[in-house]
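The two complexes that follow have subunit A in common; it is paired with subunit B in the first and with subunit C in the second.
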Partner chain A sequence: MGLLSRLSKAQKRVIFGRFVLNWMPALSYVMVAVSFVWLLALPHQSYSKTTYVSENALLPGSANVQFNWDDNLAAEAYRDVVSKIAALPSFERAEALQLEFSKIGLRSATQNYTLNTSTDSRRGVNTYAVFYAPRSDGTEALVLSAPWTSRTLDTNTNAIAMLLTLGKVFKRGSHFSKDVIFVVSDGDAEGLQAWLRAYHGNEENTERRSEETLHVRSGAIQAALNLDFPGTGDYNALGVFFEGVNGQLPNLDMINTISQISEGIAPVELTLHDELVPYTENMTKNYINSLKKMLYMMKYQAAGTPTGNHGLYLKYKIDAITLHGIDRPDWPSQRYNLFRLGALVESAVRSLNNLLEHLHQSFFFYLLSGVKKYTSIGLYMPPVIILGVSFIFQALSLWGLSSDLPLELEAIDEGRKVAVALPYSRRSRNYKVPATVIGMSFVAGWASFLLLTTGFGFPGETPLLKLVASTGVCSMLIPPAVYTARIRSQILKSRKGKSKKTDSSSNETDLTPAADWILLKTFILALSALIVTTLSALNFSLAVTIGVVIVFPYMAFRPSSYSIISGVQALALMAISPPGLLTAGAWWYSKDISLVLNWVLEGYEVLGSWLLPMLCCIYWPLNLAAIVMVLLPVS
Partner chain B sequence: MNDGSVYSHFQFTTHIGAMMDEDKFDGPTSNLFTHYNLFPRSIGQILHSFEVEELHLTFTQGRWQYDDWGYPLAPSAGTGVELWAWLNDDKQQTNANWKGLTNTLSGLFCASLNFIDDTISIEPKMSFRNEGLYNVHSAYDATNANSTSEKTPRKLRYGSLPHENVCTENLTPWIKLLPCKSKAGIASLLKSHKLFDSRFYSMAVHVRPVCEDELCRIKSLELIQTITAVFDVARRDGSYDWTLSGLFQRGITQACPLASTSDLIVHLPQTIEHPNQYELSPLPAQGVHTIGSGDDKQEIAVYDLKKVLGGEPFQLSLRWENSRPKSVRSISPGFTAHRYFTGFGQERGGLAIEIYNNNLEDTEAILLDTLPWYLKLFLHTFNVEVNGKPLENQKDIVKKMFYQQAVDRSRPAVLELALNLPAQSKIKFTVSFDKVFLKYTEHPPDANRGFDVGYAVVTVPLPRQQGQIGYGGLDHLRIYQERDASLVQGHGDGDADGKDKVRLYTETLLVSLPTPDFSMPYNVITLTCTVIALFFGSMFNLMMRNFVVEEPKKTTTTGKKKKTE
Partner chain C sequence: MAQFALTSRSEAIVFGLALALRLALFHLPALSNILADRVEISTPITGFKRRLFYPIISYPLLIKLLYILGDLAIGYMLLQITAIKDSESTKERKIHQYGNKIEEPGMNGLTVATLYLFNPFTIASCIGKSTILYSNVAVVSGIWMGMKRNKSLAMFSIALATYLSLYPAMLFIPVLLMLAREASDDNQKKTPGTFSAAFMGPSVSDLTPNLGLFWYFFIEMFDQFRPFFLVVFQIHVFIFAVPISIKLRKYPLFVSFLMCAIMGTFKGYPSVGDASLYLGLLPLSSEIFKYLRYTFLIINLFLYSSLLAPIFWYLWVYVGSGNANFFYAIGLVYGIGEIILMIDTTYAVSRRDFEALVPPDASDDKKSTGWDREVIQM
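Coming up: the complex of A and B.
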């Protein structure tokens, strides 16, 4: 205290500047380490809490279940009906199912839709039916949906049979306060999307997409359950899928309700996604298990493509999850039939029916490391923020390097030498190269995005070809940028040499502007920090993935006087560029590159996922700029 | 009805003040209420003190399924509570009277009618015309120069509460208005336990002035009480059979001795192709009547309870062959209307109203929609679509438009349209709005549920006796009662060309406005309280405590220190 207070303000600044220059790079690496350790600690049992039902109105499993053995028989009968119908073409199939719904006494209808993407054209017919709750005002509704094709690519026979049976069961009672809408959607996800768009009055009738207006409606949808029970057999366990488009998550109470019911009134083994874990004594305390589960969740969330049709509801502020019947005949566990599942789904609907308000109590931001283990946003946000701040620190230290620190300008004051800080930097910064590189790379990124998403109608046009073209566009940017910058620095050098000769009095050699790469790297790091932190609030998993991938290359890489090192760095950066990642992903899942690319394109065009625009328009430009950066001259 | 439901409708009519002379009659003022007889005094006093000329109050729970059930017999079917009244505006105290009326009725029927305040009360310009005597008068006005309506200026007030639940507490005061209570007559069937286990339930009180003879020399005030319930008999076991005692868990043992008529009318199912699918027992003594003709033919069985009952509880049952009908004439209502919100999110939204005209001729109709002030309508976004195609010239459909701009926290937006519905068409109106960010105290309990927005009302003229289950208007029952046939003429809401005006009620809707996190204020309160407590405590301590430097020499006691202070 005493020492500091006696130092002048300028001296303090000098000390701070020195500290920044000397310690900040090291500090930022320490922060990266802290953030990594923290991230890895998230699945640990001492970090995650046990879930609890936060919304008191839900009262999961407290209502008596009406689903009885007769209904089970009815469900089995419907199963045969559905398997018979399923073989029909789309339109006849939907009509036949509509007839089944109207036989129960539900008001039902069908909806045609067409969707043209840049690669293909999809058309189909949805069937939907509404159970009008007796004596209710019909302002609120719940949705039970099932796609015709399950995520296992089998026919979703059991789920559709279940919808029909539940329609029958609900019709018997007079205790519902909300309508129940049954939706059987055609196609992959576009069917349900077409239905949801039309339900919210957003139906279009254009060349690209056309959705038929709905003829039967109900009130505002409060929550939805998507059923995915493939085939006609029994199941070993029930998997919960909950990640939506762009990593949006449903209210945690949805999962809590199901898990509570599955432990009480309808005992069923519940798991996250379709991963079964062999039973062990202390399985909840097993760190590796939790880590695995959390990584699965983060993988699905980062991809931004929903893991089931439930993901489409979230955009409309409808909380939804998918229940998926996991069928592993060789798995040593009890198997559950439609009777048990029917009771579970009915009880869940009854629970949601109890809601007085829209689900708002529990968490919307969470990481799950088990069905009953969650990590809340307060615990998982710090590591990614620390990661973002480490980028900023690195950028700041580089920024400082490009100014004329150390500013040991001395003045004589009362016979003492005192350091004086100037209120400005005498060393000018040259923004021409970094600004042009960043600007051009963003233009290239946008161009590649447009290239990928536009259909030109050339013969033999495939997404893969377009990707190659856009990679070409992007990589074309690198050599001119690098060579122009090199030539420019040569010119500057020679000019400086000349000026030195003519004006020998000025010896401020260190006042020449800092090398171009320093400023460029500063910009890259600052932008990376911006992206990682902003994204962490929108899609945490994607932010973490991007942060982890780019943190070392962007922070550590710098131009080297050995061109081999620069070359290796450039290659490493190319490996983490979108085409590189795509290839890596395709190799990892041993799939064709064009398949993976199609999946990404479909995510954007059908579901409106931001992964492709994000990669092309934000991630790729920075990557390009980084490649240019490592190839720039050292001084 | 076609889906196996049984529709039951109770109607009780009480008259007061017969033998009034026309020239003496100047609205329901003092001389009318001198002698009550069977007319409930509680209603009479309300009418008298608030200068009410016509009163219509309906409590409804559930939605009337127009597509499945046709039109209801009861004139109102909007979910929740609907109250409208014509008030005498002699002393220009309509607003005060309306307020008094809502508050008093609120007490009388144990309902939250007092919430019908200025922010939701409206004055429709074209819908909800008066149904009583004055219609007759205005008909006379065309010939007679002296206009009674000028003599007594009247004002209409209309309000509805879409989210009001209806239950036993409302039924009990309603039953109390009946002369025989629920002790005798058909009213003895009114058991709340069964009535409220139905798919649709509606009860109403209508008061209107009527004429007792053709020339309208004798006038009286008519009180009509109705209860409408739709039972789902097929719910339990899929059987469409029903018995009177099964429906109501009670039987009728005697007719109300005070009633002049006490009839029970059964609309027989309109089967096609297979004539004898069902059996009604016992058959009425007079046999089965047929009303209407052609496609609109409707068979009815009338039981005069005064004659039928003889000590034994009256048993009535209808049994189907194989407990389900093979084929029944389908119901296809000529007009249906639906309304829904479009868009998502809490910032803006849209409203869509669809009106279907399945008839073969163009029809005039009136659409009335009331929207609460917190939805800011943009009238320039008002669009009309006919059969899915946007209409360029809106005048083709919208003949007249009355729009009342909403005023924040004081009155709702009203959109009233006089329409011309082309034959066999679907008209869709869309309009978009912004959602207001309310003050946090303005949110109701369970704020995240959202706000209920009441129904829109479409008034369409329908030819009399369209053979549906029924259609609105209070006079429908008179077609069964030949002795009253003369009174039907020129009465009620009908036009001269024998058309009844039917009101179609659309769905009520739920709108979710931007809702603050209500746990936040409490967090803030606790936090600020803690901070203030700490701050106040330490500041108080600093200011009030006297710091005294204690000299090391003077090792005094505390008592002495106090003295120095």
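Coming up: the complex of A and C.
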């Protein structure tokens, strides 16, 4: 009995070892397939639920709206005023707007700011005004903001006119329990950023950036609406933009509130972003539309650059969205003008005014495939985890290959052949090459990041030139690493040949460490899994994008004895390296490479987005190590 | 002689690199400040900003040098401990392995020191100016002196470590084992009289979140249960000391590693500085490494928890989309990693002990080979 059970235990281990070696790689591909199918299934209507307002205090659309026909006329008058002011230079423009705010009776002021990036210097003037709620102690506030320039690059005339009108409307009412701050920001995003920095006042001015202290203040900002209504005309639909810096999202109740109001008190066609999708009963078309919507959201989230000024509030724990007026004359929906817009925004502010505490009831982690269709974290996280686990499984089987799997020793001595599971690993792993390659490629990645973000101040210095230089730095790493490793393995081989001649011990082959590429690939796969899964907690879409891009090359590629195959693999890996991706992105949007690069750099320097550090310091090193890996000798 | 020159030169390179790296990192004041504010690095007890150094705080350079020297001293002591261990292991009976081979020697001292000096946890803890470093110096010097059989200095170091963070009192036992090894004279009778303890840690009154298991539990607790659970939690740390020391008395170095790991896992305010101590002591028993079964899992658990802890902290404290459960969950994952490390290394030591006791090729019988052979009474 003892013999049988013991043998079966050893055999069990052997079977397990064989399973790990032979089936785990196959299993990992199956898991990748499962994860992809799951990701694609997410926008399907049976997986996404209908949104609902979770915070009961909000009561969207239940307050009587004060905005009346007279206010509409006032808004139209303000529209003309704003159009006139908008033509002035920054400072005069801000002063003139401040005057308009103070005419209403709001305390208002302007704020100067300067921001120097490695490429240029930006100055501007913000205007802001505070409506002090008659029944509050001034500890809480809401923000209504509008940039001077809309995302369509027109002047944001209607939105600013709306701010002025709403100031007038609010002044009449006594039902506000939170102050309302109106901010009209200059520049791209840096204007509002400067205002928010000064409002929260925890950073000192440096040589890089300076912002004037705010003279008019209120309490802690609870929520914010950013208005983006370009031009002076009417609109077909209302777009909601919500993705913030580094893929941060506002509480879903912000979007729910707007969607409820747009169905009731101020009927408007609501959509995500600026894509209008026709209604259809066709299941397939419906699915395709949802998928498109979700991919748009994932694109914006992965980029880490906010789709509007609302994204800047999120950094300060303020939930915010941008409302964007979409003017599409050929679209069949009913058009709306300032009258309805006023009712909508006022109703939204009144609703947020009801809040008793910070928005926290609804989701912070969600994917939207429609204004009223969400997928919660419980449903979208598993595919990324499965993707990560598939990396881990591959790594695990290689890890076993590099050591003592299968756990059997066929022949210990001659004449005795039995499956024996050893209590220890027979051969030690050699970490020298893989550890050096990984270490060096991380150093190269960080060096390229420093190179890209430092201004050296020599003439003719452009980001593109720096990118070329850092690509040079990174690619300089590859040939020495590959050749050193090749020479090393040659020496080891010749040494092994010599020792074989001298003593004919049969175990000698077992004791030579596994080929360098096996351990290096183990490291790359394990680190990829680590990055994809941990990043998914911060920015799900970026994690998915990176995972999808790297999963097949990193899992399938390995050195080949045919140098052509290795070369092709290396070229494919270079195509998914950051410079390769940059070129591909520039080609896809048919833009100049330096424009795309500037956009990435600006995201890092102005908004503090992590896309550039992430790509340079984490993604690129792994890519470099993978290139070295496919060029290493096979055995 | 040439060999000696070579090793001393590579030692100089390793220690010089460690020094240069630390100086360079200290040169970035932003990094030092960020690390000093991380809850994973400075706890209420070990935070640089919270206490200590008032007299010399006006000389920042001096403080930095003190930290760097502490780290280098630990590296040097690990080097010496390995040397003593190696010189003794040549006398030991060799373990025969399958195929009648003699066990390969373990890591050399320089590797052990390098693994300590370039461990990211060590570097982060040093740059973050966590005062746990001084307790670590005292612990390692206690072990060194124990290996050198220097009774009074060994006991003084352990007493100092105990004064600095109480828990190292446990190390009294393994150090005593070291002092008493292969000598049956009257060593054991001399117990030290210089114990003094800092009773700051045990009450766990500051519930600032950290990587440990206490804070979350005690936040939730009703006040009337507090003393009871405090006692239970603290006894739990110490309860392993005696059984471990009895079972593994032949391996005092490993016992001290295990005790440091237990402290680093179950104490009230653990930080990565504790991890750097026991991860530094682990390579001293490098001959057990090939018996380890969960290396991949353990490395991954440490990697994931050290990356996810700051991320979940960020989601909880800065973004507000997460909550305390996020961070505590990662504390638990880290704890699981540490516990699996302890279980696996203990298994490896026992297994190696068994291999030494019952050489595999002692008989021709199939029953006595392989992983699942039975213990044969001799």
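Following the convention adopted for this analysis, the second predicted complex is superposed on the first by the 602 of 635 C-alpha atoms of A that agree within 3 Å, B and C clash if a C-alpha of one lies under 4 Å from a C-alpha of the other, contacts with A are read in each partner's own complex, and residues count from 1 in each chain.
Methods note: contacts are C-beta pairs under 8 Å (C-beta built on N, C-alpha and C of every residue); 3 or more make two chains touch, one makes a residue touch a chain.
Note that the structure is predicted; figures quoted are calculated from it, not measured.
In the superposed pair of complexes, A:W399 makes contact with subunit C only, with no contact to subunit B. In the superposition on chain A, A:E275 contacts neither subunit B nor subunit C.
Using the contact criterion defined above for the overlaid structures, shared-chain residue A:K317 touches subunit B and also reaches subunit C.
By the document's definition of touching, of the two partners only subunit C reaches A:A526; subunit B does not. In the superposed model, A:G219 makes contact with subunit B only, not with subunit C.
When the two complexes are overlaid on their common chain A, residue A:G138 makes contact with subunit B while staying clear of subunit C. Among subunit B and subunit C, the chain that touches a larger number of residues in subunit A is C. When the shared chain is aligned, no partner comes close enough to touch A:D80: not subunit B, not subunit C. Residue overlap on subunit A between its contacts with subunit B in one complex and with subunit C in the other: 317, 358, 360.
Residues 105, 107, 132, 134-140, 171-172, 174, 200-202, 213, 217, 219-220, 315-317, 356-358, 360 of subunit A are the ones touching subunit B in the complex.
Taken together, the subunit C residues at the contact with subunit A in this complex read 97-99, 101, 104, 290-291, 296, 300, 303-304, 307-308, 311-312, 314-315, 318-321, 351, 355, 361, 364, 366-367, 369-374.
The part of subunit B that touches subunit A in the complex is made up of residues 3-4, 61-63, 65, 67-68, 79-80, 162-163, 196-201, 232, 234-236, 338, 340-346, 350, 352, 388, 430, 446-450, 452, 507-512, 515, 517.
Looking at the complex, you find that subunit A touches subunit C at residues 2-3, 6, 9-10, 13, 248-249, 314, 317, 358, 360, 364-365, 392, 395-396, 399, 407, 409, 412-413, 416, 418, 420-425, 428, 507, 526, 530, 533-534, 537-538.
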